[in-house]
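Following: one structure in structure tokens, then a few remarks.
Note that the chains are named A, B, C and D in the order they appear, and that numbering of residues resets to 1 at the start of each chain.
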Amino acid sequence: MNEKIIEVKELKKHFKTKSGMLHAVDGVNFFINRGETLGLVGESGCGKSTTGRVLLRLIQANSGEVLFHNENILEYSKPDMKKMRKNMQIVFQDPYSCLNPRLTVSEIIAEPLIINKVYKTKDELETRIDELIGRVGLSERLKTSYPHELDGGRRQRVGIARALALNPEFLVLDEPVSALDVCIQAQILNLLKDLQKELGLTYLFIAHNLSVVKHISDRIAVMYLGQIIELTDYKSIFKDPLHPYTQALLSAIPIPKLGVQKERLILRGDVPSPINPAEGCRFAGRCDYSKQNCFEETPKLIESEPGRWVACHYVRQLEQN
Amino acid sequence: MAEKHLLEIKNLTIHYQTDYGTVHAVEGFNLEVGNGETLGLVGETGAGKTTTAFGIMQLLPEPAGKVVAGEIYFRGENLLGKSKTEMKKILGKQIAMIFQDPMTSLNPVMTVGAQIEEMIKLHEPGTKEEIKEKAKKMLEVVGIPAVRQDEYPHQFSGGMKQRVVIAIALSCNPMLLIADEPTTALDVTIQAQVLDLMKKLKDDFKTSMIMITHDLGVVAEICDKVAIMYGGKVVEYATKESLYTKPYHPYTVGLFNSIPDLDSEQDRLNVIDGLPPDPTDMPSGCSFHPRCPHKMPICSQKSPSKVVVGSEHHVYCYLYEQEGAL
Amino acid sequence: MNTVKQKKNKKKSIWLDVWRRLRKNKMAVGGLVIIILLFLTAIFADWIAPYSYESQDLLNMFQTPSFEHWFGTDEFGRDIFSRIVYGSRISLEVGFIAVGISLIIGGSIGAIAGYYGGRLENLLMRCMDVLLAIPEILLAIAIVAALGPSIANLMIAVGISSIPGYARLVRASVMSIREQEFIEAARAAGSSDFRIIVKHILPNCMAPIIVQATIGVAIAILTAAGLSFIGLGIQPPTPEWGSMLSGGRSYIRDYPHMTLFPGIAMMVTILALNLLGDGLRDALDPKLKN
Amino acid sequence: MLKYFARRILMLIPVILGVAFIVFFLLYITPGDPARIILGDQATEESVLQLREEMGLNDPFFVRFGKYAYNLVVNQDVGKSYVTKRPVWDEIMTVFPATLKLAGSSILLALLIGIPIGIISAIKQYSIFDNVTMLFALIGISMPVFWLGLLLILLFSVKLGWLPSSGYTTLNAMILPAVALGAQSIAIITRMTRSSMLEVIRMDYIRMARSKGQDENKVVFKHALGNALIPIITIAGLQFGRLLGGAVLTESIFSIPGIGRLMVESIKMRDFPVVQGGVLFVAISFSLVNLLVDLLYAYVDPRIKSQYK
């Protein structure tokens, strides 16, 4: 049952900028089992979206491995990769820029099918498009509409239908609901969950907010400045977060209930720049518990308790300075 | 009687003229804000929250946006009857505003110090040194070292920019602060910083506040009263305690259900079906009726009137009209 | 009711949408009508013009406008109206073909530079910078001087001189589209570069290019007429508005009609193109869509 | 910042060499034998051949260009006129003041008229003033320089006799050419100012300034104009370059001995060194104006300033 569909090892992506090397993804490791959802959470600029894109080779990685069914796809040739792409697709964040404004809904959904020459006849193609449109809960009359005639939620459904067209096993969901209103957000989250159950999909769900991934993830990875600092099953991370950053992230969520306002952990300052980051724990500068060696030695992501991975020198022994 | 509230809005109606027809952004909007109170104005995109704020400030985009009907009483005086010159004295000094996107609400070619000083100079004139001192003090109040006053907005991060905007808004000690989604554009941890700061400052400055937001969590954190807005109207109004204990309006209930609960296990979220109404083509009667699970025939015919369901808690919904009659 | 409306609009394309918005703009429609009329004039010049453009009538020199000669005659007694009618052929030809040349060459350079980026882009754009450093009309003068005065050379000269402008425009729009997520979606589906450029990038770059090309035709007509005016463009007796102006210049004190009418013809043409260009810009502007 | 501009000036060198190459190539393929031009029609075939040899005209193209480029870069020498035998540089310097005066007064006119009118048009968008202004601006753009010049002469010199139809030395004489040449720039700058202001006026920080209770005039001039200036400066810089080149036609109409007329006459007489030097000179001036524009950016926009490192 616990078959690893995708495994990422020491993945790195650095961008050259005017002011130095931007360490967008800096040695990331994780795996996702079949039918599982891994939530990847972090604030803007932490490298979570880059991770998703490097995984699909939309951006070329600098080093590391991406194993899909135990084969490193980063070493695939172009034609091999094209075949492989059918198995892994992506849903984007921005419901406005993710659809070509010059194509109709059915043309957009047909694109991947046409590119990969899946169907020989037009009828087969049409049947498949109709099926997809129904699957994501769009009404058939929208087939000939253009994206600008649809609202954000419907556009996102079109994006999901396009991603599903090739029957992928694995989907990267890059903040698919963060641009939507609360009610629409809930509709799309439910849809994604239903699709996963029906089609046996595996998800990497990227989000900037823990509360969104809670509902849909089996395990959650928290990213900070290009590195994963905690990776745990979704229950533990909410009940008993281990890394001080996770604790702060969790406590920052405003809770819509009375009398639950606990003591807030307010972080000092802003997220430091990912350009030429200093040695040591990336979070040390904002951490209330940091000690001398936090600034000198980068903590590794280790399994501190069964199934719970943390990158902190002082797991379970945090004392305020 | 009007003196009882700092701000009292009656039957406010604001329309926009566009190529696609008249947008009924705000329609028969009623609201009161008491002295020292913080009111959360909650609704989805397009519910008319921001338009209401601009309506109060009389900053609607001209000539498209117009207040078609209604009154806005601020300290007992109708703002809509004020001349432009009179309004200028009220804006900034008595009513100040914080905008949603800190990236665009500061002038990129002026130093942040100059932008704070501008506000002080307008309403609390003094010598150059006094004004400068005051601006420095305001920067420190919001947690920015005063030495940064000569820097330009692009040298600040998003959270810092929003702090500057808060410093500007509070620099003349306004009686009413309208904050339009002040934390939406920020990251979660920065959002917590800014919310924390606002909570502290509104007490220090004893300012009344209208907190426009779509996040019921933010409301729980900072507000005393809540108004839920849907389709340009307030559909439910209550104290925070009353609303979070028992929401009445089906829309409010749906809104609460759409939020993932961090403490409990749930497989599916209970969602409100359908989409918010098209503001150029509002449904008749109660604008929520096409999505309402408790729809009755009358809902599509006539707008519901106010039903008092508790002390300081009222709702506009036919479900409770009979209860009230009983 | 809504569904009925939706079905009726079934085959509605983006361009129909643009046309609907353009139609609302009276000025732009006016421009379009003038341009269509000009085209008809150019095509049917043989039927429209009452006289031949080169037949001289030395008995009727310098005639002021009259019933026989609507716009009067010139220093050789040639009918000015007929010459203007035939002149529309040259102007439209030069304008559209010159823009075609610069659009095809400049557009390809811009699209390649914008899509591939890197060193290739650097090289191409530095070349464009060199061309841009020479003011358009000077470059056109130098080219036409080198190639010799003829209609074809005039088109080439005007066309080449405006290549860098189109290259920059196309590059900028390609670069902005390239960053959009739907391009990544196409790539994720295994789409080839060629398909991405043709199917996804170019159709979305069309708006600014169409606008620029419309206004570019006006600029090309102006530049070509300017060259002819200083004697480097089309040579007599071919009727060209610029050289007609130049010819009438010496007689401006006594026979201003010789400069008035060709000038009006030129201005109306260019005004019409600019009106249409402005109208298209508004109609194509995606900002107004929502 | 100084370093940035030093680098920019160095980067001009390849551009100038590129321009030199293009013009050199164009003149290379232009029909006409320089030796024959210098010696005149009466010269013998022999002496022409001899001169060709002396001038290196028989060398391959790249050798000739190499020599030219070497002289240009190392000695800053662009040769002598075939016709007057004077150094090209002197020829250009004699006529350049007239062109500079003409282009300068045109751009000044364009800025002084275009910016204020553009601002008013933007503030009163869709008013009668705005509509009339925009119509005139469109006509201004569509007006061929040479036709407008002729019309101005017809009206103000021939019919009314108010202003001279040629010359450039007196202020009176400058009015017509400056207006003719500047009309299009006025129209373009007016339109640019208007659209740029309209764009800026929609921004949040303008609303923010209003929400402070700031005076509307101050909102427009202090907050909006400061931000709207960037595209206006850009277009003004481009216009100035266009005016330097566009002066060709105006100078011809108003008989002003400027660089444009010099070039046209040199082309007609096949005086290649002058054409070559003239184009180079205009290209250098244009590039320097663009550099100046970039300097101005830093002055009006702190964001751009921080990039100049």
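Operating definition for what follows: contacts are C-beta pairs under 8 Å (C-beta built on N, C-alpha and C of every residue); 3 or more make two chains touch, one makes a residue touch a chain.
Quick caveat, the model's predicted, so the values are computed rather than measured.
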* Between B-D and A-B, the pair with more C-beta contacts -> A-B
* Quick one: report the Å distance separating subunit B from subunit D, using the average Cα coordinate of each chain. => 53
* Asked: When the centre of a chain is set as the mean of its C-alpha atoms, what distance in Å lies between subunit A and subunit B?
  -> 32
* **Between subunit D and subunit C, distance of the C-alpha-averaged centres to the nearest whole Å** => 22
* Asked: Which subunit C residues reach two or more other chains?
  -> none
* Looking at which chains touch, is this a line, ring, star, complete or other? -> ring
* Return all touching chain pairs. => A-B, A-C, B-D, C-D
* Complex interface listing, subunit B residues touching subunit A -> 44-45, 157, 159-160, 187-193, 195-196, 214-221, 240-241, 244-245, 254-260, 262-263, 266-273, 275-276
* Which residues of subunit D touch subunit B in their complex? -> 126, 202-205, 207-216, 223, 226-227, 300-303, 306
* **subunit C residues touching subunit A - in the complex, by the definition given at the top** => 3, 6-7, 9-12, 14, 180-182, 184-192, 195, 200, 203-204, 286, 289-290
* Along subunit C, where are the residues that touch subunit D in the complex? -> 126-127, 129-131, 133-139, 141-143, 145-148, 218, 222, 225-226, 229-232, 242, 245-246, 249, 252-253, 256, 259, 263, 266-267, 270-271, 274-275, 278
* Provide the residue numbers of subunit A that touch subunit B in the complex, in ascending order. => 43-44, 151, 153, 181-187, 189-190, 193, 208-212, 214-215, 238, 248-249, 251-258, 260-261, 264, 266-267, 270-271
